[in-house]
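You will see two complexes here that share chain A, one where it goes with chain B and one where it goes with chain C.
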Partner chain A sequence: MTYDTVVIGAGLAGLTAALRLADEGGRVLVVAKGVGSTHLAPATIDVLGFDGGPVESPAQELSRFGEAHPQHPYASLSIDLIAASIEWLKTRLPAFGYRGGLEENFVLPTAVGAVKRSAVVPETMAAGDLRAGGRFLFVGLGLKDFFPAYLADNLGHVSADSAVSARAIELETSPGGEADVSSVGFARRFEQSTFRNAVVRGLAGQVERDERVGFPAVLGLQDAGKVWRELEEKLERPVFEVATLPPSVSGIRLFEAMTAAVRKAGGRILIGQTVTGAEASNGRVEAVVVQAAARPTTYRAGSFVLASGGFASGGVQLDSYGKLREAVFDLAVSHAEDGPRFLPDYLDEQPLDRVGVLVDNGLRPTDGDGRPLYENLHAAGATLAGAVPWREASGNGVSLASGYAAAAAILESDS
Partner chain B sequence: MIGGGSTGAGVARDAAMRGLKTVLVERKDLADGTTGRFHGLMHSGGRYAVKDPDAAKECIAENLILRRTASDCIEDTGGLFVTTPWDDPAFGDSFVVGCEATGIPVEEIAVSEALRREPRLDPGISRAFTVPDAALDPWKLVWACARSAQEHGAQILLYHRVVDLERDGQRVTGALVRNELTGEELQIHADVVVNAAGAWAGQVAELAGCRVSVLPGKGIMIAMNHRLVNTVVNRCKMPADGDILVPIRTVCVIGTTDVRVADPDELEVTQSEIDEMLDEGEKLVPGFREARALRVWAGARPLFSQEEVADTREVSRSHALLDHRDRDGVEGIVTITGGKTTTFRLMAQAAVDAACAQLGIERPCRTHEEPLPDSEDGSFYVLGSRLRAREPVPQSEEIICECELITRQRLEEAMERRRTGNLDDIRRTLRLGMGPCQGGFCIYRATGILHAVERLDHHAANVALLSFLQERWKGAHPILYGDQLRQARLDDWIFQGLLGVQHLPT
Partner chain C sequence: MIEPVRDSLDHCVKCTICETFCPFSQVTPLFPGPKFVGPQAERYRGAGVSPDASVDYCSGCGICTQVCPQGVKIAEINSQARAQLWEERGIPLRNQLIARPSVLGRLGTPVSPLANWALQNKALRLLAHRLLGIHRRAPLPRFAGRSFQRWARRHRSPISRRRVVYFHGCGVNYYEPAVGEMVVGVLEHNGYYVQIPPQDCCGLPLQSNGNFEAARAYVRRLVANLAPYAREGVPIVVNSTSCGLMLKREAHEILGVEDDDLRAVSEATYDFCEFLLLMHERGELRTDFRPLPQTVPYHAPCQQRGHGIGKPALDLLALIPDLRVIELDADCCGIAGTYGLKKEKYEISMAVGERLFRDVRESGANLAACDSETCRWQIEHGAGVHAVHPVELLFRGYGLDAPAPAGVSAR
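Then we have the complex of A and B:
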């Protein structure tokens, strides 16, 4: 089978590249071993939230940041491109009502009551912004992945500069008589009006006049905007979601919206199939080999996007002898210095944190000397070397911008 | 009673059962030292049958007693000794002779039968022998002893460090202990002090002016994510490094090494030791290096030696009872050290016998007859018992730690019982965070619950979370690769990316 582009990986980077290319009329195939890291992280677009200290404005910090970290993906992605990728996402997924931009970060509470800075957030999370201070009420539903009392206790101490006060309330909800309901289970319940009404009744008379009301991010799977608006109307308060442990309901929404859009634009998506190798000749990747149920299948294409993720997704691997490897193309992987691979203190930056695939300015993987290996292979997302996204709060920002850029590079080379 | 390992808890129980007014002091938590860091093997004695027949005899005798009295702490896995292509097949003959001479039931079985029982073993093995090895849960064992001791009137003081021993001339009259959590000091008067501080026994004896040469022998162990074997598997050769694979609970543990160290509190694990374990693992189970490794840790064996010895493996695994009245002219203190967890009960008996002798009383030991709490019905622990309890009623309760199937109620009960702000204490009680995700999902939940149950302020709750996270990392980071690295990276995303715990106020 022949495609214009085969994308390996179905996280935000891969789906962004796929959707852009499909929108432009390309015949696109997405192949992924499983669902991507969308299911592990919230749907916020964190561009840059922390760099030795809190980052209030990514726009002001990004060029300095790129200079300070020349191997970071942001060093080769211009601010204009990052901004364009964000505008594209906002327009392309209107149902998310994404708010914000590169100028100023939102400051959102985490489920433990620390804060995280995000450039662009779904409308369902925006009212959690702590910058203006104020009074916050966090509502627990009996979900074991959300402890509002602990959250509120911390939040009152984290943000000393802005006057934030927080308190918690636990609603007794035992949906369907079941004691152990996951975040996805609660999200499905929120799509039922009876459950929403019960939550609203449970909160009747409990919310102070000036409080904003935070729920775990489980306000519906399909149409969170509708659930959120209804809660705001009925509670007559600003309502917001706080991201919880995986599975991330807001990330699942993003995955569902993106995959639906890719399919609608004519793309094909294969989940549960592992790309095990590639065929190349004359400096071009010709095909990838996929381990399907019955036998290996070869997919040929004009261009390829490698968005298989880093260690977490298995795109980059480390074996018991300490050997690093990129899983599909056996690409050169950036090396940590000789010495321990990990340090004794958990919260230190670890020597292997920035390991990934090295690329040129067109996101093409390079050999050890910086020359592109294949003219039609581009890498995007957590596969890329140089970032520590969980510390920088840069994960979805890198994925969105680099997926967008990979598509742009392919469109440019086609034209 | 000084020391809260298996020996100390055993002494406290034995002494209390004999009607002595007993208090146990432990500088940390029960089974925090060597006992909680062993491989989990309840020896049949087979390992020592050729090299150390005295130790072998003790092991098999105690093995049979523990099967009757500590059944809830034991999984009756059975044991295999196998001759791999790297081992001398003739050793099997000496092994059988040694087992028979020391009373260890041994039977040579066909290689095909051994491979049928343990299909992952190297198909190149040439001989296989069965012995009554088993898996022993150290935390259940020590806590059962402690509970029994308390039921017989003993007091258990955890996180109480012995700062000094009180002396009256050539007589020890008690101890000065400090509460490590509050800093409060407490004087305890005792007619007899039993020093069961294991690898730390030399330090305690020194407080009484007695010189006890305990050589801490470092042994490293690696827990694999799965039970690659369901039987304890030993190499059939003279004891060496990395030749035991013990299935315990949901994991299996390969061990161990034996390196003399200066300080039992400083046990570094080196990459070469890890590589040696993995390579030895390959010889038992081909593909061992591809399997997922969870953690590595080291324990300090207390090896007692009358003289200075260069190689700690040459020191007998038998225990040593030192009556300092006879040995050093210091009354009121006995030291029990050496030995191994399998023989802890015997050691406790010897120590309490000596204490009784110093007190001039004679009361018989009953610990070889009386079962421990929860072992009264004589049934062994069965892998899957937690799952079996949950399966019929899957939605009746929240499961907080999915890896180890710990329900919210069990967790809350443990927190209320332990009255602790330290999640590692809860781990030792319930195995919290010991499964494949190494706390990735349960640490936040358990902290949230601890915050509520113990009414911790945000600061104490954050310390609990971060300390436990660090404790889990301690055993994970030296051996992170393959799928466990994927898991660790997911945990990074959860704790640092999603929750931002690095920004918590502490």
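Then we have the complex of A and C:
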């Protein structure tokens, strides 16, 4: 089959690139080994939340951060471009009601009562912002791995010097009489008015006048905005969602919204197929090969986006001989110097944390001398070298901006 | 091959992505979900009896395997576990019966008026519900009263240097011979000499119902019939997506059949739409379509997605002028071959299909398209909208349904 662009990977980076290109009329194929990061991480866009200490304003820190980390993706992505990617997301997915920007980070509570800084958050999470202090009530539903008392207590310790006070309440919901309902199971129930009404009844008379009410982020799958607005209306209090442990319902919403948009724009999505190799000639990638049932299938395209992820997704692999490689194009990876592969302390910065593909300003993977290897191959997301998203709170920020930039580079080379 | 499937569970990182997609665990607590029943429970299987029976509520749709980011063969593990379970407990008569479509077809076809009357008769269906456990409202197909094989024996395909073998499966043979005639018509319109060797069931329903031994016997017999063509380099075209997947992958991967005939047949087997789109890529497909001004929602069946070929029907149907095709987002229709026929599973199957039925109805179209026969029957039953194989739209698009003008042969 022949496409204008083949995107490898269906995380936020790959889907962003695919959607932008499909919106511009390109024939796009997204091929992915499976579903990945969207289902594990929340739908917040964390651009830069931590750099030796908390970052309050990504806009103020990004250029210095890029200079200090010349191999970080942010070193080759301008602030204007990162801002443009955020504006694009806000406009393209209006149902999420994304709020915020690069000027100031939100400070949101996590499910364990730590705090996380996010530049842009869905409207359903915005009222959880702890910066202005105030009183917070966290509601438990019997969802496993979400303990509101633990959350509230920890939050008291973390933000001891701010004016945050938090308490917890546990509702008896046991939806459907099941013993073990997952976050997705609760999200489906929140789409039923009987369940929403039962939750509202359970909270009647229990919420103080000045409290904001936090739920685990399970307020519906298809139409979370509607569920959230209805709860705010009926409880007459600001309501917000707290990101949960995986599976992440807010991330699932993002995946569903973006894949539906890609399909609607005429793109094709092929999930469950591993790209096993590529064909290249004259400095161009001509095709990628997918192992379909019974025989390999070749997909030709004018340009390719590599958004296959890092170690966790198998985009970068470490074999039993200790050799590191990028899995599809066998690209050399950076930060792979000889030496110990692992440090003993779990929280140490690990030698392999920053491993990934090095790119030029058009996000094209480069050889050892900084020259692009293929003129029509662009890399995005966790495939890129240099970022440590769990340390920097930069996860979806790098993915969104680099996916957006990869599409921009392709559109530019086409014009 | 059994061991590599089982070994893949070591790649499970318990991310639960499969659980979020499973259409069946969403609607029933009787199926705890693919991860629990698969990679997790599998560690308790092996020597000794199966630890629990919930794996029987897995439909085998395979969506879990497709979405797994780590390459765990979840659905395949569960199919094998189901077979082990039924080996221990003995397969119920009902499951033996509904898993043999070619036997039922041979019995029902000569007496089709009576058989069809019986299948629609409320009292008899209630009896079958109570005695056999076949749900009284489940969508059972009607016998066509003539077999496709009989038509094929009389049909003379115009000789051409380009040759193709058609594996039509039981659905076409006993229930929808017209679909088979359209497949042949479209292939001949594109210059193919179509050969239709005698053939029997591929064994897929037996596999789904846990009777691996009988399934292996069926598939071995089938590939022995088809292998000589494959070895001559003749492509084998299949319009039933689940039977096609059996030949391409499942006989090897799930049933563990290691067989030169199967290998040859696998590599030569193409889904009908896949085959036509590959022709189109080579510039060989005729595109003399007349306009079909209508809107058709399209559902890609789960087993179709198991082919890993994308949705070629969408690209083919896009060649027909004025035909507007809506790609449906719902994952599964719920029938899963014989799953939704069963008394204890019918309601589950209908609940799974609800979103698809709603989307089909809301499209406002009076016709839907879907590649798999049992899924089409389920869509018609659940949505009340007539459902056709994409070949029917191509056949009409080519004008092959209209009587040929005098002196001109349409085929």
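The rule we apply is simple: the second predicted complex is superposed on the first by the 412 of 415 C-alpha atoms of A that agree within 3 Å, B and C clash if a C-alpha of one lies under 4 Å from a C-alpha of the other, contacts with A are read in each partner's own complex, and residues count from 1 in each chain.
The rule is simple: a contact is a pair of C-beta atoms (placed from the backbone, for glycine too) under 8 Å apart; a residue touches a chain by one contact, two chains touch by 3 or more.
All values reported here derive from a predicted model rather than from experimental measurement.
Enquirer: Report for A:310: first if it touches chain B alone, second if chain C alone, otherwise both or neither.
Expert: Once the two structures are laid over each other on A, A:310 reaches chain B alone.
Enquirer: Touching A:391 in the superposition: chain B (first), chain C (second), both, neither?
Expert: first
Enquirer: Would you check which partner chain A:246 touches, where first means chain B only, second means chain C only, and both and neither mean what they say?
Expert: both
Enquirer: After superposition on the shared chain, which partner residues are touched by A:40: those of chain B (first), chain C (second), both, or neither?
Expert: both
Enquirer: In the superposed arrangement, does chain B or chain C reach more residues of chain A?
Expert: B
Enquirer: One more residue to check, A:341. First (chain B), second (chain C), both or neither?
Expert: After superposing on A, A:341 lies in contact with chain B but is clear of chain C.
Enquirer: Touching A:115 in the superposition: chain B (first), chain C (second), both, neither?
Expert: First partner only, chain B.
Enquirer: Looking at chain A, which of its residues have contacts with both chain B and chain C?
Expert: 40, 177-178, 180, 246, 313-314
Enquirer: For the complex, give me every residue of chain A touching chain C.
Expert: 1-2, 29, 33-36, 39-40, 176-178, 180, 182, 184-185, 188, 246-247, 252, 260, 263, 268, 270-274, 290-295, 297, 313-314
Enquirer: Given the complex with chain B, which residues does chain A contribute to the contact?
Expert: Result: residues 37, 40-42, 50, 110-116, 144-145, 147, 149-150, 153-154, 156-158, 177-180, 243, 245-246, 248, 310-314, 317-322, 341-347, 350, 389-391, 393, 395 of chain A touch chain B.
Enquirer: Any idea which chain C residues touch chain A in the complex?
Expert: 15-17, 19-21, 26, 29, 32, 65-71, 245, 247-249, 266-267, 269, 277, 281, 305-311, 314-315, 327, 329
Enquirer: Which bits of chain B are touching chain A when the two form their complex?
Expert: These residues of chain B touch chain A: 278, 289-290, 293, 394-400, 408, 441, 444-445, 447-449, 451-452, 457-459, 461-462, 465-466, 469-470, 473-474, 477-478, 480-482, 485-486, 489-490, 492-494, 496-505.
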